[in-house]
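The structure appears right after this line, and notes come after that.
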Amino acid sequence: MTDINDDPLVIAGQTFASRLILGTAGYPTQRIMADAVAASGCDMVTVSMRRISLAGHGSDTVSLLKGLRFLPNTAGCETARDAILTAELGREALGTDWVKLEIIGDRETLYPDAAELLKATEELVERGFTVLPYCFSDPVLCQRLADRGAAAVMPLGSLIGSGLGVSDPALLEQLCRRSPVPVIVDAGLGTASDAAIAMELGASAVLLNTAVSKADEPVLMARAFRHAVEAGRLAHRAGRIPARRRAEPSSPQMGLVGS
Amino acid sequence: MTDINDDPLVIAGQTFASRLILGTAGYPTQRIMADAVAASGCDMVTVSMRRISLAGHGSDTVSLLKGLRFLPNTAGCETARDAILTAELGREALGTDWVKLEIIGDRETLYPDAAELLKATEELVERGFTVLPYCFSDPVLCQRLADRGAAAVMPLGSLIGSGLGVSDPALLEQLCRRSPVPVIVDAGLGTASDAAIAMELGASAVLLNTAVSKADEPVLMARAFRHAVEAGRLAHRAGRIPARRRAEPSSPQMGLVGS
Amino acid sequence: MTDINDDPLVIAGQTFASRLILGTAGYPTQRIMADAVAASGCDMVTVSMRRISLAGHGSDTVSLLKGLRFLPNTAGCETARDAILTAELGREALGTDWVKLEIIGDRETLYPDAAELLKATEELVERGFTVLPYCFSDPVLCQRLADRGAAAVMPLGSLIGSGLGVSDPALLEQLCRRSPVPVIVDAGLGTASDAAIAMELGASAVLLNTAVSKADEPVLMARAFRHAVEAGRLAHRAGRIPARRRAEPSSPQMGLVGS
Amino acid sequence: MTDINDDPLVIAGQTFASRLILGTAGYPTQRIMADAVAASGCDMVTVSMRRISLAGHGSDTVSLLKGLRFLPNTAGCETARDAILTAELGREALGTDWVKLEIIGDRETLYPDAAELLKATEELVERGFTVLPYCFSDPVLCQRLADRGAAAVMPLGSLIGSGLGVSDPALLEQLCRRSPVPVIVDAGLGTASDAAIAMELGASAVLLNTAVSKADEPVLMARAFRHAVEAGRLAHRAGRIPARRRAEPSSPQMGLVGS
């Protein structure tokens, strides 16, 4: 697990030791959250600006995670205008100009709104933010977001909180191959192998929350994801055998004793 | 990766530090094979009796892997009779009464022959062998093999050498839940996430060869599998969130700034 | 739907107009059962010997379906001996020597027992039965059953009643390609497309019950399956395009107006 | 196949007998194209404006298909401006104000450009067109297109020409459930069952070209799709049994003869 030296994640010129980003919401207790974050080996966490900004709530999250980088998110925003306002609050509150840009287009599915994302990305980049938009896994949209200055793109693996994993592997692979910026798969991962799959398909990192926070044993699951991200990245680099529908023996079959 | 203390694999009363078993055939060189085995962290490897028994060929494999346990296999046998003979040769050559029992029922697909397996398992157990039959992922067959004394069962994940992974996850999960002996998924795994999936579904261990030996970078892939097996086992123990087709936000959605 | 002339299903020398076989159990009413059978266009139905043989119960099923062929099944049997006895009762009661051979190896999953099937098939063929064993989708087992005289094999698509469809398409395709006798996929189909998939992979026919009998609208679902079986068979014969991960335009892309 | 009376497809107030729309490009010969269209039972076909507009090429297509409705498409356009121009040419040439709006955002994958689609849809609706945009299967985008007046949406099943089918079933189901206008799955279908699946998930219709035109036997495949669309629609209406991982016998298991 000393891959940082030869294969680090770089976003907007910053180097990361881990390719896993964890959310901080919904854990049974703050203690378990901090333990899970530690077990995951991640060096960046997301925090919802709503929790930080409202009456000091969330300040314990920040102090519990001292030493880690924070990626404020604009969860719950429905327009570019709201998201920009929330991003500014995050910059002020957490002293970082990085922002995970979330703009919801549908309150029930929480799917992001492509048109608003394009608008907000452009504006936030102009204001000096490092913008990581949470978006649909639409390769053209990702290209357009990168064109407007997004530092990375965060396509959803599947419906948020669904645990369905990477629901369209061929599409994600395509997207990763063509993206000019790092691809961070965000939302929908349910268990460790989902993260390994995302990495094998070419993702630069994964972001998840519910899969760990709502697991029966969050700390154990955080460790599982740590290994899974490592496994998937290594396998991606190692170059897998092709999948095909024909048998191929690993042991020699001829000249057998007794045959 | 110190799980051995709290969560070891036990087969026939023997404890294993790793839940990964590696095959030793088909590597670019013997050196790369030895390095991959080391990188995988496994403590048991399979060797084909044909290679060992023929004119000393294979003896370097054995000396290169000193310190590891050997699991001789009967690859290439087509009848119970041949397999028993080959197992006896393995016992003599390698000084172990463990045997991975392979009896091919079809030369092209290398699928195992259920009826011959039942016969050979019974006979080998009587002769004092510790028998691990490579079989179809048929839960009733696995039960019958266990009834005849098999120490573990080795259902195939998918067609050997296909790299298709676990082709029927619901079936494997069922099989693992009902098996009275450890289940070791063998054959068909193509990349790291396949191993993680097998472990998440409840397998006790995985055995693979081609996925590592024929990867572009076998040593890197061996490391990937080491992490993947760890990830899958931890995730299995951690208790994943259910998969479902409804969204669930991880961040709170109400009371947003600006809404 | 006049395919019978150029592409009929033939089992044991008998020609069938439809490639769909329906079960007759579990419908809301006997009337709906008869209507669904009619809507499905099938010309053979399975009936459980237990229902027929017990005190005349089931005799109305037989009279309601006058004109159709009956395929008595040995549902619920757990040994070759029981199954042979039940088959004999079926022959006497229904005047047919055809039998769908079911021998359960596990009361909870209802998975079939390979070893008992081999034994019973051999014995029933000797007694003059036309035997269609319900078995695991194990290509070697299917070959062995055919060797012992089975007129067709009935591998399960997935767990009975699960509605999971064909859970291992690569395996079923392999099995169909290699089977010396017709392959009838039985159990696990949930909806129409599952039947189409089975046929596209090379199955000669499908048998189902719950997917129709427990649908919200059994008669409508029976019609759906009729079309699906036709669709799948035609597509199999038509030779599909390969699946691949690269785009290919159907319309010409060059020389566009305005470009 | 007389479903038109009780379950017709209605788009923009027009009623269609068939839920299948066929493309007309890439067939071995024009004769086979016309035969396949007839065998498919469809009553609307797409034609590329480029083929129609260039020097009379394509005029035979139009005359061969007399009696069918034409849906001109803007295949190959890369901007809203080009697409609008092409749509106007189609209106003039074919005497219809219906248009399948295609705006490519990536020349290699032919994925559509969401932002340009929104712009062009708005403008074309203002000009009196009935607009059916070919788009990514992004539910929020589909909602926005409908808000701007699209008469239907045409999300891609998977990469065009890939034959991968519906690559994200959970997403398509979600999209169909929420769309205020008919959903026509377009692109990526490879064989008949793919169309059945799309319809079962709630699509109102499917559009395809390569799967038929490049099949070994296009006319046979056209018939296959006709049945598959019917099968999928009927199954959708019939209400399928749930999929689950537990067995459920269709035949009674107790009180068996001999047990």
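Letters A, B, C and D name the chains as they come in the text, with residue numbers starting at 1 for each one.
Basically, a residue touches a chain if its C-beta (ideal position, glycine included) is under 8 Å from a C-beta of that chain, and two chains touch if they have at least 3 such contacts.
In this text the structure is predicted, and so the values were computed from the model without any measurement.
If subunit C and subunit D share one sequence, what is the angle of the rotation that overlays their CA atoms, in steps of 5 degrees?
In short, 180 degrees.
Compute the distance, rounded to whole Å, between the mean C-alpha positions of subunit A and subunit D.
Subunit A and subunit D have C-alpha centres separated by 33 Å.
Where the centres are mean C-alpha positions, what is the separation of subunit B from subunit D, in Å?
Once rounded, the distance between the two centres reads 45 Å.
What residues in subunit D touch two or more of the other chains?
108-109, 159, 162, 164, 170, 174, 245
With chains as vertices joined when they touch, what's the shape: line, ring, star, complete or other?
complete
Which of the residues in subunit D end up touching subunit C in this complex?
23, 25-26, 48-51, 53-54, 73, 75-78, 81-82, 85-86, 89, 104, 107-110, 159-165, 190-193, 195-197, 200, 209-211, 213-218, 220-221, 223-228, 230-232, 234-235, 237-259
Along subunit D, where are the residues that touch subunit A in the complex?
105-106, 108-109, 111-115, 118, 136, 138-141, 143-144, 158-159, 162, 164, 167-168, 170-171, 174, 178
If you look only at subunit C, which of its residues touch subunit A in the complex?
Touch list, subunit C to subunit A: 170, 173-174, 245.
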